[in-house]
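Just below sit the structures, each encoded as structure tokens.
Shared chain: subunit A. Partners: subunit B in the first complex, subunit C in the second.
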Partner chain A sequence: MISNISIALMNGIVWGLIMALIALGLNLIFGLLHVINMAHGALYMLGAVAAWYLIELTGSFWIALIIAPLFVGIVGIMIERGLIRTIEDKPIITIICTFGIMLVIQELVLMIFGGAPRRIDSPITQRFPIFELQYPAMRIMIAFISIILMSGLWIFLKKTKYGLWMRAVVQDREMAVGLGIPVTKVYMWTFAVGSALAAFSGVLAAPIVSVEFMMGREVLIMAFIIVIVGGMGNLAGSVVAAVLISLIQGVGSIFVSPSMAMVFSLAILIIVLLVRPQGLFGE
Partner chain B sequence: MSSWKEKPFGFTLIFGLVILGLVILPFFTELYYQTFLTELFVWILFAISFDLIFGYTGLLSFGQALFFGIGGYTITILTRKYGLGTEPGLLLCILIPMVFAWFVGYFSVKLTGIHFVIITIIFAIIANIIGDTWTSLTGGKDGLTFSPRPFRLGFFQINLMDIKGNYYFVLAVVALCYLILRRIVQSPLGKIFVSIRENEERARLIGYHVQRYKLIAFIIAGGLSGLAGGLYSLTLKYAGAGYLHWSVSGHAVVYTIVGGMGTLIGPVVGTGIILSLEHYLVNFLQATDLVVGIVLVVMVLLAPKGIVGLIQSRRKKGKASA
Partner chain C sequence: MELKRTKSTEKGILKKEISRRDFIKTTAMGAAGLGIGSWLTVPFTYGAEPPIRIGMFNEYSVFATEYGYWMGKVAKTAVAKMNAEGGIAGRKIELFDYDTKCDPKWAASMFRKMVLEDKVDMVMGSIHSGVQKACFPLAEEYKVPLFSGGAMTYEFTGKDAIPYYIRNHSHARSQALAGWKWAFDNLGKKWTFLNADYAWGHSLAREFGTLIKAAGGKTQDIFAPPATADFIPYLQKVDPDTEVLFTAFLGTAALGVLRQTVEIGLHKRLQRYTVICCTEGIGQEVVGKESIGAYYIEYHPRHLDQVPKELHPYEMAYRKACGVDENGKEIGNPKVTIAGSHMYSMWIYPYQIKLAIEQTGWKNRNNNADMIRAIRSQKLKAGPWCPIGDLVMREQDHQGFSDFYISKVEPDLKLKVIERVPKEKVMYPPETDLTKKI
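Take a look at the complex of A and B:
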């Protein structure tokens, strides 16, 4: 029992950190554009699929981990520049537009990649013992990479010019324009970074789950939940919420069925939405 | 926008002609097309009921699949388990989803904007999970099949197992619902819905209880979505948890946007175009949703008022230059 729970705790933390990455991307875009990007789950899936091809091509998971998010980041730029830019001030219309983009990405992948799920082998196969069970070292590596990425994002937001601009635009858009910040450029880069984060999340999840064209659909909802519970626009809140929720779900799944654990967390989410729409960690 | 209303005779004429055309059509077409058209009518009902809350009241609900799915389960389970006839069954297909819509709406209308969108998605996901796991009631992932009983009204009887009978039945119900919805949106109640969409703050200041009217719109739309689900199950002789998935609501969103939101004729046109397109594309393309997605994105960007909006603005321009 103790080993079961400790495995569930470890899995909860690892999965929580992966979910934190995609939620951060979603939240970053929300904070700036005040829009829920319905295509975000599809970008996560696109990251995993791109990684699968890159691994076929180069044989290296680590190359895929770098190139796939770059590729998806460029896709993000294309979406923002080509499609969303003209309707950014209409949140509801943007939700519908990104829903359409989600369909397009999913169906394109279905056409090219096919409908069957495929596996990505984990590049690290060592295991180490926890009590009487074995735990794959790759998952620890995944958690470690996620933390590095989040630290990188934090440094980017706090220490670079673009990060400063982004924070300025989130705080007061009019003022930022007045101070000469190139707001449209900031939008573009935010979308690129947000998309790349979704792709990182997808690549890191790929060795744990299987890669298929619908894998982003459920994850999108998970990311919604995390962003709302953590507070929209509150990045640190998202990280805490991601780990917390996936810990609760992971440990809860030992005692009740996973679907009941999901219903339970959705019910909590409805209560949060109604009682504290600004999120648990907001002011 | 009110060009129909200025010429009520024009509407009656066109509506009558379209219905007449659809009534005589089965004498000239194969059964295959009758099934296609029957499904088209069902989706039209789903789309116009969605348009009442989105196009008229301004609430983007991705939760309509919940009511659609429950409507399907209602008629299926009642017929299969309790041997209930089609007439009370269909009535319950409206009433039971209305109760659910009242419950979901009671909480949802407290929220606005993106939060509203998300809470309706969440409710639909919960329903989908329950539908998937409560196997003894819903048949789980396999769903349920059944044989609908004939519809009786006095001496009048329609055999719903017959494709042509089913076609006429669905056509009649959907046409009736269209007229009812038309009556609603032209009534003072419909004007209040539009005033909420246009400016919620102002509607509140005038003295309307905005949340109550939103709830009314939500309940009406939920009942009609449920009826659409019930008719769909009557057509397919099947109900399943798949129809509860929130992405099914996306169908209504696509049809309404492409056709033109905030008009009843818009979703009808949109459903017709998109379903015909899919029907045609499926012959040589596995991923028909690809084209649907592209059409949706293009319409949202270039003509957010849809095809009907495009025609209307062209007409206005023509009038101005003449």
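Take a look at the complex of A and C:
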């Protein structure tokens, strides 16, 4: 039982941090652009697929971890510049548009990458014992990388000029324009950073879950749950909600069936929507 | 008659005056040329009987696309080969190909479209049980046979069977009958089933579990959502005394469960067993070294050298036609692996249809009942159109039976056959009698 609880806690935190990274990107884009990005799961998948090609080319997971998010960030810029910008004031249209982008990315990957899942080898194969079971060191590494990335994002938002601009635009777009902040550029970079965060998660999760053109679908649903529970536009709320939900699922699955533990997280979503529609930590 | 000629070089070819004799001669030569040309290239001439129209749908998008790719490719190859050999009863075969999108409602609408607009005489394909079930009422309504591509729900040829459904491949019950005894005797008597939480996963757990418990073994059932990414919460729940861990998932989940079993060290204390459906169309190098030592039930060996020797000539010809090498990879594209335990159904169906049509004198859809009666009583011998070995169809439930194989993943990641299970061992008593209905 103790080993089960230890693994459940550790696993809940690790998955929570991966999910937090995905949800952060989604929430960042929503917070600034007010765009509900239905293509976010597809960008997560695209990151993993790009990493697979890069690893085939270079043999290095770590190079893929840097270049794949950059590539997806550029894709994000193209999406924002080419499509979102023209419809950014029409929320319903942006949902339909990003849904279309999701389908296009999925089908393109299906055409080029194929439908069969592919494997990305874990760069760290060590495992450490927890009572009679073992826990893979790679997952701990993923958790650390996620923390580093989130800290980096926090520093970017709090300590850099672009971060300041982004926060200013979130607070008052018109005033920001009046003060000479290049709002369109801020939008573009926000979409790029959000997309890159999704790609980072895709690359980090790939050694655990394998790569497939539909891998973003399930993740997107969970990311939306996290964003709603944590508070739309509230980045810290997303991180806390992601870890909280994953822990509830992980520890809950010791006592009830894991599928039932998943139901708990949906129940939490419903309760939050009823009691605190602005999310646990506010918008 | 005097011919009046002008020099085309002077007046241009369009201005050239042509006599009546020239006109008739040139036209006749042209017509003869066209006639001979078309006779040489197409075995089906104008005035021949209309083509036999076969509808096909497979999973080309959304999910299980690795299956759809091969099911479609093999069917098209088989039909092209049959047409090149003169078609069926001198009639060309036309194939109408659609995507099920893994969506039963959509697939049913495609079935209706094929029947009403494309005027197909029969439909084949799809590994999706939900898709097939959704098309059952239409198959009955229009009296159009539905040939299962790879649906594994055994009830389709059991208590839910309909007269217009034919299945020449395995399903959950026959897989359990083929795979349980050897594993029970050699791998262990305490089993845990960690399967996908939908009909297929439950069906396998039930079929295997019933046999294991009846033989005095012990079972534990764990079900996880089909698209599970993290299996650690589920693997934690495996009973400590489990000797055999049977898993059944598709796609990335199938890879995930095998890899994560190794990640937490469970593989050291139990044997891993599964059906090839889980990693069909996925190269063992993709599944990875974590699969070494795992056991699979195959319905036809992936590697040519694992195919029984007596089938080699047929198998080699079949692979060559479909563009498959001896390791079960697509020729020219070694990253693509065959769905070898499933795709043979689409190679054999056109042949079964051909035999039935030629035997019954089938002319059109109105004679479909005759065709079904002929197909369900077929006993095919191993041959170029039946490379899997002898295939026996059963009249009562329209279910086909062929040999099974139990394989182990070797250190070189090859699926090595360690046991061949003859079809006679998987022939359970029929649960229905369709001979009274059609």
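Simple rule for what comes next: the second predicted complex is superposed on the first by the 282 of 283 C-alpha atoms of A that agree within 3 Å, B and C clash if a C-alpha of one lies under 4 Å from a C-alpha of the other, contacts with A are read in each partner's own complex, and residues count from 1 in each chain.
One rule holds for everything that comes next: a residue touches a chain if its C-beta (ideal position, glycine included) is under 8 Å from a C-beta of that chain, and two chains touch if they have at least 3 such contacts.
Predicted, not measured: the structure shown is a model, and the values here were computed from it.
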Clash-or-fit label for the pair subunit B, subunit C on subunit A: clash
Contacts of A:R217 with subunit B and subunit C, given as first, second, both or neither: both
Touched partner set for A:L266, first subunit B, second subunit C, both or neither: first
Partner chain(s) touched by A:R127 [first = subunit B, second = subunit C, both, neither]: second
Contacts of A:S151 with subunit B and subunit C, given as first, second, both or neither: neither
Partner chain(s) touched by A:Y135 [first = subunit B, second = subunit C, both, neither]: second
Partner chain in contact with A:L274 - subunit B first, subunit C second, else both or neither: first
Partner chain in contact with A:G250 - subunit B first, subunit C second, else both or neither: second
Subunit B versus subunit C as contact partner of A:I208, first or second or both or neither: second
Touching partner for A:L110 - first (subunit B), second (subunit C), both, neither: both
Stretch of subunit C penetrating subunit B in the combined three-chain arrangement, among 8-16, 80-88, 116-124 or 314-322: 116-124
Footprint overlap on subunit A, comparing subunit B with subunit C: 107, 110, 217, 257, 259, 262
Residues of subunit C touching subunit A in the complex: 61-66, 68-69, 197, 222-225, 227, 229-230, 232-234, 236-237, 240, 251-252, 254-256, 259-260, 263-266, 281-283, 285-288, 335-337
Contact set on subunit B toward subunit A in their complex: 60, 107, 110-111, 113-115, 117-119, 121-123, 125-126, 129-130, 132-133, 247, 250, 253-254, 257, 286-290, 292-294, 296-297, 300-301, 304
Residues on subunit A engaged by subunit B in the complex (per definition of touch): 34-36, 83, 86-87, 91-93, 95-97, 99-104, 106-108, 110-111, 217, 221, 224, 228, 257, 259-260, 262-263, 266-267, 269-270, 273-274, 277
Residues of subunit A defined as touching subunit C within the complex: 4, 7-8, 11, 15, 107, 110, 114-119, 121, 127, 129, 132-136, 205, 208-215, 217-219, 249-250, 253-254, 257-259, 261-262
